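Next come two complexes, and both contain subunit A; in the first it sits with subunit B, in the second with subunit C.
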Partner chain A sequence: MSRIDIKKTYKLFIGGQFPRSESGRTYEIKGANGKFIANPALASRKDLRDSVTAAKSALSGWSSATAFNRGQILYRIAEIMEGRRDQFVTEIIALEGGTAKAAHAQVEQAIDLWVWYAGWCDKISTIAGATNPIAGPYYNFTTPEELGVVGIISDQKVSLLGLVAAIAPVIATGNTAVVIASEKRPLSAITLGEALATSDLPAGVLNILTGKVSELAPWLASHMEIDGLDISGADSKVESELRIAGAENLKRIHRFNKSQSPQRMLAFMEAKTVWHPIGV
Partner chain B sequence: MDKNLFEYAPAPESRALVSIKAQYGLFINGAWVEPKTKDKFATINPANEEVLSKISQASDSDVDRAVKAARAAYLKTWSKMPAKERGKYLFRIARIMQERAREFAVLETLDNGKPIRESRDVDVPLAAAHFFYHAGWADKLDYAGLGINPKPHGVVGQIIPWNFPLLMLAWKIAPALATGNTVVLKPAETTPLTALLFAEICQQAELPAGVVNIITGDGATGAALVNHPGIDKIAFTGSTEVGKLIARSIAISGKSVTLELGGKAANIVFEDAPIDEAVEGIVNGIFFNQGHVCCAGSRLIVQENIYDELLAKLKRRMSLIRVGDPLDKNTDLGAINSAAQLAKIKELSASGDTEGAFRWNPDCQLPSKGFWFAPTIFTGVTQSHRIAREEIFGPVLSVLTFRTPQEAIEKANNTPYGLSAGIWSEKGSRILWASKALKAGVIWANTFNKFDPASPFGGYKESGWGREGGRHGLAPYLKGTK
Partner chain C sequence: MVTLIDGSEVSLRKYLGALSGVDKVGADQRAAMLGTRSIKTKSKSWAIDMAIRMVDLTSLEGADTAGKVRAICAKAVHPDPTDFSVPSVGAVCVYNDLVKIARESLNLNGGSHIPVAAVTTAFPSGRASLKVKIQDTQDALNDGATEIDMVIDRGAFLAGKLGLVFDEITAIKAVCGNRAQLKVILETGELTTYDNVRKASFIAMLAGADFIKTSTGKVSPAATPPVVLVMLEAVRDYYLQTGMRIGVKAAGGIRTTKDAIKQLVLVNEVAGPEWLNPHLFRIGASALLNDLLMQRMKAASGFYSGSNYVTLD
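Presenting the complex of A and B:
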């Protein structure tokens, strides 16, 4: 008799833990072939609020970590993902369909993207900062800083690469994040959470929710403790609704079309300018 | 102290330096035109309520005319002109503004109420410097780190406030033109005169028709500009309340936007601060421009063990502030810009009284005509008081205290705003630590309220989107850059 597989319970990733939804809800996802795959957690508004609390708590530690340290941890994420390549590939094929070659390519690009952003951590300030030649006896410099807590609606189709393209630039610069994974293809996100949990990434820096985007996104957009919003994965039909909700605390709201660009970091940074007199 | 010790003979600047027309049209496509509705409103001198001129109320159809003129100028002239030549126009404008600086200063003081010393030494020179600075960027955008051959948006709609009318015009128009956009600008309802004089400069500089259009009016004109489908980008400086309205409106239109909004800046004085310099900085921080400054240091946060000494010195210094005729070169504190703003300052100050804070102001005689408010401080302020949370936009300082540096930062950051902050300390490591911890776009350490075209300005959180000035200030006027 052949061995019976051990099936995994897919859960949320909040504050470094893997809880079920506090609501007790799950939803069914099916593979590209139409067959049942799993019952991941159907995250609630309360789960989202808990995630924001976790992200906010993690912010001061992560943003004050040295850029070198953040780079090391992002690189570590790539290392851990490299060891789980087969798992990511299997899950992508199961949910997205397509060829093994395409799935491999997506996983490899996602891993390489971590490496790319890992290298940016201690360079973005050099590129985007300045010493300003002002007309007076003052030293004046501008440096980009983390924005704060960023809400991310992850790409709905390209489940792993789209996710990494959104989260890597956001946390590289010292932000923390709450991510809504691809609704129908959430396995990559959950597995990524497991990789993150073993990558020295402090608890709460990244929090991953699975569930209905249409249910969670409006709460993400209106939450007053969220400072920025990446709506790349949101339906364009609800974009204006999300932007209107986000205007209440003037969230920085962006949609991107490139997965690898310094703009994705700069969009969630704030330039700070400091003046000090020069004199004896 | 002998009351007469610091008495000066009046030294008024001459009004004859500037001639104001009885009425103004709209500046559209390089020419003066009458508004379609013929509606006019008065602009007054807030120091004596004298009517200075009649200003045109631009209607929706006037906004439409201006936007079309800007579009035509963009397509036919401005976008085709070599960047080097575009820059030359900005240099010309800077030079003419310098030549006519005194005229601008007097006009600004008449229309706004600010002391001539400030309009002459700060507003106008900085405005000219802004044009000079951006003129040089026009043909160097490839080197700005914003992509190769970056492209302008097209037609930019700009709305500016009444606190620094000419300077805010320069902050808006100079980078917009340098990056290759054309402009429709609406000055504030109560302070349109220097913008209208600027239109004359555009004519003298032979700026191609339609590149800069100046339309005057109230909030309805501003809304028409924001909502006009021919506008590609909006730049707004004003209240957070209106900023949020604009943010909602572009949620649907998809226009690019920069917002420079309100503030409630903390000015933190640590126990090791140079007290006398700090007192000067506190006074400059809150009483500069009557406190009509979005980045004003309106919350003084003092370490408890130096509170008594600092407060005594601050009160003594405040008693030397000269309030009165804005055209007098000795004046420190001019008129409040409008009756509406005065009412707002009075209402918020009254809430300070009723909520339990202690009001103090020096004994100073205020003119009988015009809009005036004495330099005022509130002590015993707690974080929940309205005067610690809401932007007063007037010469009113709220004083709070702290024991530990961490407490100072917590109090400073306890606001939805994040435009600026001040730090007073002689300890370098503490200054750099606090600079990092403060959530604000501009940090002044051992100084306050300093501005320069090369220095990016703009806020965190609900103080706005984007930066103005420096290399960073170019990005919002170019496509695809953050």
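Presenting the complex of A and C:
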């Protein structure tokens, strides 16, 4: 007996919930073969604003969680993704094309990347921190701390690995993030959102929007509540526009090439120096 | 002035018994429908400034200090110290032992036009003798409060002792005299039905309230749109009978600009545009003011502002 297809409604991931766009809009995405795939939500600037609010309110809890706890949660994300491997692979093949082997390799690399960054959570401040030599009866320590809310424009082509490479290092160190997913290949991001919702990650730490990068990115860059911006997925033509918009509150703006590097964590950390009298 | 009752409990009960009931489904639905109105651009800017003028900037914590009261008073006069085009708020609302500090601090900051509202009558529970409640109010007036936010005895109301509730309000009104406006807090979250809210609204108005106020802010739910709608209908009906305009203060749970604008839409559509005025509608809030300021900055600069650009409360 044939069964009626159950078509999925692809939604946003904001503050731990899966809302439709407040604007009610959707857009069409096509597969690598040119055929219709789905109508994901077309996020508006108000969805972006709501995401930033969610990320800001999640910040104090997430950044004050112990590094060990954050590491466990990141590892848990890898575990949950492992259980959805086939779904990620199918979606990558449908939207990016390429071989099953390549898709499998991308998913495995993405999962391994979570494990790699999970391990870094409780090590980064030891490796990047320092005891500074000073002339006086004080200890002087410098430790890297989270920057705040980070905006991420995710890689447009390599939809899953590019996404994980951007978000894992940002949240590993205690930041929260608002992510604009790949515009034409958003399914990996949507599925990742579903994995995140069941992986102990507190609501609001990661917020994922699907829609037009050209529409959302300028609002992300100019938003005063955002402290850092990863523009790895932005078109180089709009880069200067985003940098100008981000200059108003001196955002840290970076573009990265490597997916696996401690530099991606340090780029969105701030050094805090503490003086402590010796003998007290 | 039209006399609706002769002050006896019999006439009060007779009047209240003749009041029409509230259609709960209808009230909920109308409030929800009015909440979907889209207020944009120029209207929104107007609404934001109006909402700022209507805010009763409130601090009612056990942990309130003189320093905190001075800080909110400075903020009441110039909500955004970097932009003097932002209007002052409607009033500052504090516990009555802090009234003197609030009054002095407002005067020092150039806010002598801003009234100080004091919560009295054993706020928030209202569980004290009438003697204590009168003294509580008298203290606030002596320290310079020009608005008194009193709570009704909800226990008495729910037990059907309507005359007692009425008499207490009359007694406090007599203490206020011409020195202060009287706002009567119904604490709608404890009244359980919209019919009770309507009834309590009329008791307060008949007893001489200048404002009827939804909540203390200590009980949830507080100023939900349907409750405010029911109270606005009550003041409208009272106006049609007596020609007197009584104010409404929505307090508790209004935290965002969107919530505030929804309230303004209700005011305009239910009571009428005459009520869109800080003398007849107030919003009791603390966190709301920051959101209004951030929205105002967004309108001016074109980009979203952040919490680092407004004060911590």
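One rule holds for everything that comes next: the second predicted complex is superposed on the first by the 277 of 280 C-alpha atoms of A that agree within 3 Å, B and C clash if a C-alpha of one lies under 4 Å from a C-alpha of the other, contacts with A are read in each partner's own complex, and residues count from 1 in each chain.
The definition used in the following text is that a residue touches a chain if its C-beta (ideal position, glycine included) is under 8 Å from a C-beta of that chain, and two chains touch if they have at least 3 such contacts.
Model, not experiment: these values are computed from the prediction.
With subunit A as the common reference, the superposed partners subunit B and subunit C fit together side by side. Contacts of A:His223 after superposition: subunit C is touched, whereas subunit B is not reached. In the superposed model, more residues of subunit A are touched by B than by the other of subunit B and subunit C.
In the superposition on chain A, A:His104 makes contact with neither subunit B nor subunit C. Once the two complexes are laid over each other on the shared chain, residue contacts for A:Ser240 go to subunit B alone; subunit C is not touched. Applying the stated contact rule after C-alpha superposition, one finds that A:Glu248 touches each of subunit B and subunit C. Once chain A of one complex is fitted onto chain A of the other, the partner contacts of A:Gln263 are limited to subunit B, with no touch recorded for subunit C. Seen from the C-alpha centre of subunit A, the directions to the centres of subunit B and subunit C diverge by 80°, a value given as a multiple of 10 for the model superposed on chain A.
Once the two complexes are laid over each other on the shared chain, residue contacts for A:Val52 go to subunit C alone; subunit B is not touched. Minimum Cα separation between subunit B and subunit C in the superposed model: 5 Å. When the two complexes are laid over each other on chain A, subunit A has residues 248-249 in contact with both subunit B and subunit C.
Only residues 129, 145, 240, 243-244, 247-248, 250-252, 259, 261, 416, 431, 435-436, 440-447, 450, 452, 454-458, 460-462, 464-465, 467, 470-472, 480-482 of subunit B touch subunit A when the two sit together in their complex.
Put simply, subunit C touches subunit A in their complex at residues 302-309.
Against subunit B, in their complex, subunit A makes its touches with residues 64, 127-128, 130, 132-136, 138, 140, 142, 145, 227, 239-244, 246-250, 252, 254, 263, 266-267, 270-277.
For subunit A in complex with subunit C, the touching residues are 49, 52, 56, 219, 222-226, 245, 248-249.
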